[in-house]
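For reference, the structure is listed below as structure tokens.
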Amino acid sequence: MTKSNFTRRGVMKTGAIAGAGLATPIIFTGASWAQESGYLNAPQGDTVTLGFNVPQSGPYADEGADQLRAYELAVEHLNGEGDGGMLSTFSSKVLDGTGILGKKVQYVTGDTQTKSDAARASARSMIEKDGAIMITGGSSSGVAVAVQALCQEAGVIFMAGLTHANDTTGKDKKANGFRHFFNSYMSGAALAPILAAQYGTDRKAYHLTADYNWGYTTEEAIRSSTEAQGWETVNTVLTPLTQTDFSSYIAPVLQSDADILVLNHYGGNMVNSLTNAVQFGLRDRMVNGKQFEIVVPLYSELMARGAGQNIAGILGSQNWDWKLENQLGDKYIGTNAFVQSFGTKYGFPPSQAAHTGYVQALLYADAVTRAGSFNPCAVVEALEGYEFDGLGNGPTLYRAEDHQCFKDVVVVRGKENPENEFDLVEIVEVTPVDQVTYAPDHPQFAGGSLGTCNPGA
Amino acid sequence: MEAIILQILNGLDKGSAYALIALGLTLIFGTLGVVNFAHGALFMLGAFCAVTFSRLIQMSHTVVDETRTDFLGNPLQVDVPYIYDFFGQAAGDVLIDWAVPLSILMAIPVMILIGVIMERGLIRHFYKRPHADQILVTFGLAIVLQEVIKYFYGANPIPTPAPDAFLGSFDFGLMLGFDAGGIVYPYWRLIYFLFAAVIIAGVFAFLQFTTFGMVVRAGMADRETVTLLGIDIDKRFTIMFGIAAAVAGLAGVMYTPINSPNYHMGMDFLVLSFVVVVVGGMGSLPGAVLAGFLLGIIEAFASMAEVLAILPGINQIIIYLVAIVVLLTRPRGLMGRKGVMEE
Amino acid sequence: MGILEVKNVGKRFGGLKALSDVNLSVKEGSVHAIIGPNGAGKSTLLNCLVGKLIPDTGSVSFEGQSVLGRKPHEINQMGISRVFQTPEIFGDLTVMENMMIPCLAKRDGAFSISAYGAMMDDREIVERAEHMLEDMRMIDKRHMHAASMSRGDKRRLEIAMCLAQEPRLLLLDEPTAGMARADTNNTIDLLKEIKSTRPITICIIEHDMHVVFSLAERITVLAQGTPLVEDTPDRIKGHPKVREAYLGESSGH
Amino acid sequence: MTDQTSNAGAVRPKPAAPAEKTGLFGLRGKDASLLVFVALLTLLAPFILNPFPTGSAMAQFNAGYPDLMQRFVIFGIFAIGFNILFGLTGYLSFGHAAFLGVGSYAGIWSMKLLTLNVIPSIVVSVIVAGLFSLIVGWISLRRSGIYFSILTLAFAMMSYALAYSVLTPITGGETGLQLQYFDPRILDGELAAGTTPRANLFGLEMGTSYELRFGSWLFTFNAGYYIAAACMLAAFYLAIRIFRSPFGMMLRAVKSNQQRLNYTGISPKPYTLAAFVISGMYAGLAGGLLVAMDTQVGAERMFWTASGEVVLMTILGGAGTLIGPVLGAGFIKYMENIVSTINKSTLEGWFAFMPDGLADFFVTIVYPFVGKGWHLTLGLLFMAVVIFLPGGLVQGGQKIATVLRRDRKGSGLEPGAAAKRKQAED
């Protein structure tokens, strides 16, 4: 590849400042610039631009807003403003509050609209127009996979935001993409033993699954890990993404002999299906002499808020929770530091979407600093197989084979009597990392290949 | 058998929402000839009347509780609703608990007012404009209303529960000769169905038995003649728009305990309600109601696991499939009148 | 054998008998009027002739060929043109364009996709349309937006459009309904002129006796869905049955 | 300039004066100058869309980067095609995004199975979208008015729902389809493992760009954009020919009076079906170009909001005019891509010159309308355009042109009357 495939505005921006006043037109081909720096959008001058691509319209707009808050906080901390947040607890100490490699961090924002097309358009605008060297954010797997592929093609780093489907680091994994968030398999592996302990091993589960990729991988993960615990899956029904009233899917559950309902739903789907399930009195049912229970594999604070009191007593898994360090001690150091600086700035505790975004931004900055270069290939090398601690999840590994983070998974339950709208879940247990680790060639993740890192030149 | 009865109940319940929205949409189509893409937004505004009302009566002042701390370790600030101060905690709790039904009292005047303002301020200037312009302006309005709500209430769904008295389900099992627990159905959904039936009956009775209604019906059939008779049909149409807005708004208010309202719930319903109206037949009120219930019931049956096992994915497309079949076999929908919106 | 032969045509709408046992023969080259009181079935009969309605019984044939079961545009292509009660023209188009469409239909048939060449480069069609407009003394209005013309001009344009197709039978459905006396007379003159300059058969449905008696060579009187009598204008005037069924009733006009 | 804009949208029949010559590519004077005008606009777009120096506060409003320029012309094609159906025949399809989506899927499968060259992929897109629109059109055109709209909507929503769920093996479902180095691609050589497949035109990759720096201005010339722009010009040229052709006149006749058309011996159905298929093929072309420029397809591009978007583009620009749909498409895409990226720190940058309190005040006032509030601005502008410019943006341009001309000549038509006449002619 000798031709560049993206323009490098970052180069030009500073080039333009240097050449301001020059009236002679100079024609550059993309290739000549690429050879100079060796990679796309090399930051020139004293700033570096990051792209925060989050949903700002559509159903996940609030989650995106929370992510954006965390990114802004991360930029502050990287630039040495504010209280420094997790920089003080992070196991790597190379970040010193002087930006990244001495360059002040700037950022641009865009709206993914939770549509893969719009997300790619927004990411391309950041790369082509604003000269962003790294893209991060997002609140769904469809968007994450689409933007990750784009970043691979373009030659910048993608630090995924909230994406839970196996595919992101499974069949659609890419060398330039990294995911800190946990995934469907981990949810299943973390939940199954606790479900067995709480509800017994002799259970019959009925799955309602959102009819798209994330739903499929989550259903598969939960099924296989609960069946391994001795559960029986009596039925699985796919529900359309656009469904708002789930009554006609819930009612048949009453007719079956299932005593567990697993809702493989996220966002609005989950809020509505859970609300409907509780309306139909499923929580009060006794089946086969056992109390009927509902399980929501992937929890989020915002969804819990949307579902209100219906969430009480429902088990699910999370990537992180702001109460981790307070309740489970020093292993999860970093949590309080982050909550403290986020809470002070915004007045409420951060969500897990905010946390993963903040951590991803820090990890990227750290990798660049350790590598001593913004070159995506150097960053990839620095992140692959990197072990770190102090970012709120305990000791964590960025696995080289699939660019997935491995760390403890938090199992939570909706609080019976929440004190306020930010304190809706309680931590039940933390499943240790080795229980959720899987082989890189696990069948649920088969079919893809990282390829080679692309520096865009 | 129980499963089928349950799905019929579900269908009637879904159908109630469809029918109520479609009814309002048809009133506007029929009386004013306006394609109102903002009708979904009216439904959404109704739902947010309930949210606003419950927030209003929960308006509170903060009291610092030194004995407890918040998540950052500062003294906890506890919110105390004003309503406790006025009525005492017990009565206050009852009022808060009954916020959704009570908010109807607020929603009716508010929605009528919104409808009248919309008609007077905007829609009436578009009666003579092409349908394309009507679509553009009402769609723009829908976006604006939606974004205003998003600005104030956020994008996340807001839980708005029904009064505690209506939590839980009604057991039809014994009543219909099945086992106890065989057919249980949530109280609030039954109420929603009854409520929809009352509203629909009310609108029909109003059009059928009042002079006002008769004039409006005549106006729907032949606007020019009625105007020639010297009746100020415009004024009546304004009121009709207000009523249609109120119907949509009430459908929204009562829907909030079924699904937590969010700012784009109107758009979710918009396309579906257009399909319902057209399947029912343009300009036909009974058609809209019939189509609403019909599509609700068909949708409920299509989502049964037994059906999905034979036809995977049928639940994704059933409404549209039925719409196509109906429109191809009956050119003007189930009960459409000739010449309405056919050009 | 006439150019248009209607035999035993009957049509019901539900329980209502609109036409029964209608027999009619229009002689080639004649002006034939169909009159009758409101609800006599004149419009139904006309719609049966042009393919808008299909009669329940009987047959309709034009130049020996049956028109039954054919679509309106096919019947038109056989050589029957229709003028409507309210002028049906292309209101959004200019007069010239209105004129060009029947010229195209005449030359290219019911469907021909020529999406590339410019309309105005088609000399043949342009000339034919201009010629027709000159003939009808409308050439000065050719850039006018058709909808903005007067009622009389619209009627003239509609008739011109029908004639551009060189039909052998022209059906007119109350062509002067709602017109002022002057416009009515103009239309009568126009039709007389057409009759005298072209080999065409005209079949006219009319309410206005003045029009009928100025133009028609033969008159069929329709009452309650059946032809009462068919004869020359002079004899119709004095016919007792007609007076009873029609003229007596219409004396209030 | 004013002359060109004033004629921009008029579908004006010319007197058949023999003196008038046909000019450029067989177009008459005003159409030819319109084509030249549009060609210049697209050719010089990298300059026109980047009026602000990089690094300046106003650089936020620059739209001259490849992705957005490509989107302008691609959605321009989509809207031009939609306008052939809606603007000429008056049939309002609410499901046109389905053809764009189907075209995109066909295009990417061509790149997966045949070759990375964009030409076969675009051809396949157009053909497949054409066939699909033939089926949908043949069924939907049995009804007219809103019944037709709902039929097309139903087909599009079924396509979307199935593509997102049941058809995941073919469409990639939620995550969409992307190219892989291990795709078969029978016409191309095998790619090395791990490399990224890129769409190209006989070796020229779509992402290739050349940059021109002029002082502190920067202009980007992107190969993909110029290929898409060439397609748009061809599409636009063809649209002019169709508008002026006997076929185009028949389509306008369909809109005007189907009754009369029937009784003029012409059957409207084949004409509308032909228009439907042509506009479906335009949508397929747009879909094919979308994957050529950005090798990924997501099912959302078939959702009803995407169909609604092209309706809005056309009405916003001016339905039935030639240039209107292109303007509408540019307008909406600009809002979506530029206004949505203005965040609080950008705003603070703009108002930094003011005293603190005042700056905060302005940031607070403006903030709800930009960034995550871009939809609000869009909605308000929809309403403003339709209220104040009933014929869309084109009519707005014409009004301005009329006022200017009257000022210059001191005479001329009343703007209202001119507008009315224009509307009548459109």
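Order as written gives the chain letters A, B, C and D; numbering starts at 1 within each chain.
In this text, a contact is a pair of C-beta atoms (placed from the backbone, for glycine too) under 8 Å apart; a residue touches a chain by one contact, two chains touch by 3 or more.
Note that the coordinates shown come from a computational prediction; the quantities given were computed from them, not determined experimentally.
Peer 1: By that same contact rule, can you tell me which chains touch chain B and chain C alike?
Peer 2: D
Peer 1: Grab the C-alpha centre of each chain and report whichever is closest to the global C-alpha centre.
Peer 2: D
Peer 1: CA centre of chain A versus CA centre of chain D: separation in Å?
Peer 2: 34
Peer 1: Calculate how many whole Å lie between the centre of chain C and the centre of chain D, each centre taken as the average of the chain's C-alpha atoms.
Peer 2: Here the centre of chain D sits 45 Å away from the centre of chain C.
Peer 1: Mind checking the centre-to-centre distance between chain A and chain C? Centres are C-alpha means, answer in whole Å.
Peer 2: 74
Peer 1: Can you pull out the residues of chain B that are in contact with at least two other chains?
Peer 2: In chain B, residues 312-313, 316 touch at least two other chains, as defined above.
Peer 1: If you look at chain C, which of its residues touch at least two other chains?
Peer 2: none
Peer 1: Give the residues of chain A that touch two or more other chains, as numbers and ranges in rising order.
Peer 2: Within chain A, the residues that touch at least two other chains are 57, 61, 65, 211, 238, 240, 242.
Peer 1: Of all possible chain pairs, which ones touch?
Peer 2: Pairwise, the chains that meet the contact rule are A-B, A-D, B-D, C-D.
Peer 1: Within their complex, state which residues of chain B touch chain D.
Peer 2: Going by the criterion above, the answer is residues 35, 122, 125, 129, 131-133, 135-137, 139-144, 146-148, 151, 267, 271, 274-275, 278-279, 282, 312-313, 316-317, 320-321, 323-324, 327-328, 331-333, 341-343.
Peer 1: Give every residue of chain D touching chain A within the complex, in rising order.
Peer 2: 53-55, 62, 65-68, 71, 161, 164-166, 168, 173-176, 178, 181-182, 193-196, 198, 205, 207-218, 220, 222, 294-296, 298, 300-301, 336-337, 340-341, 343, 345, 371-372, 374-375
Peer 1: Mind pulling up the chain A residues that touch chain B in the complex?
Peer 2: Checking each residue of chain A against chain B gives 57-63, 65, 211, 235, 237-240, 242, 244-245, 247-249, 251-252, 254-255, 268, 271-272, 275-276, 279-281, 284, 302, 305-310, 322-323, 339-340, 343-344, 349, 420, 422-423.
Peer 1: Which residues of chain D touch chain C once you look at their complex with the stated criterion?
Peer 2: 13-16, 22, 26-28, 241-242, 244-250, 252-253, 255-257, 259-267, 270-271, 274, 278, 421, 424-425
Peer 1: If you look only at chain B, which of its residues touch chain A in the complex?
Peer 2: 2-3, 6-7, 9-11, 13-14, 17, 70-72, 150, 154-161, 168-169, 184-186, 188-189, 257-260, 262, 264-265, 268-269, 299-301, 303-305, 308, 312-313, 315-316
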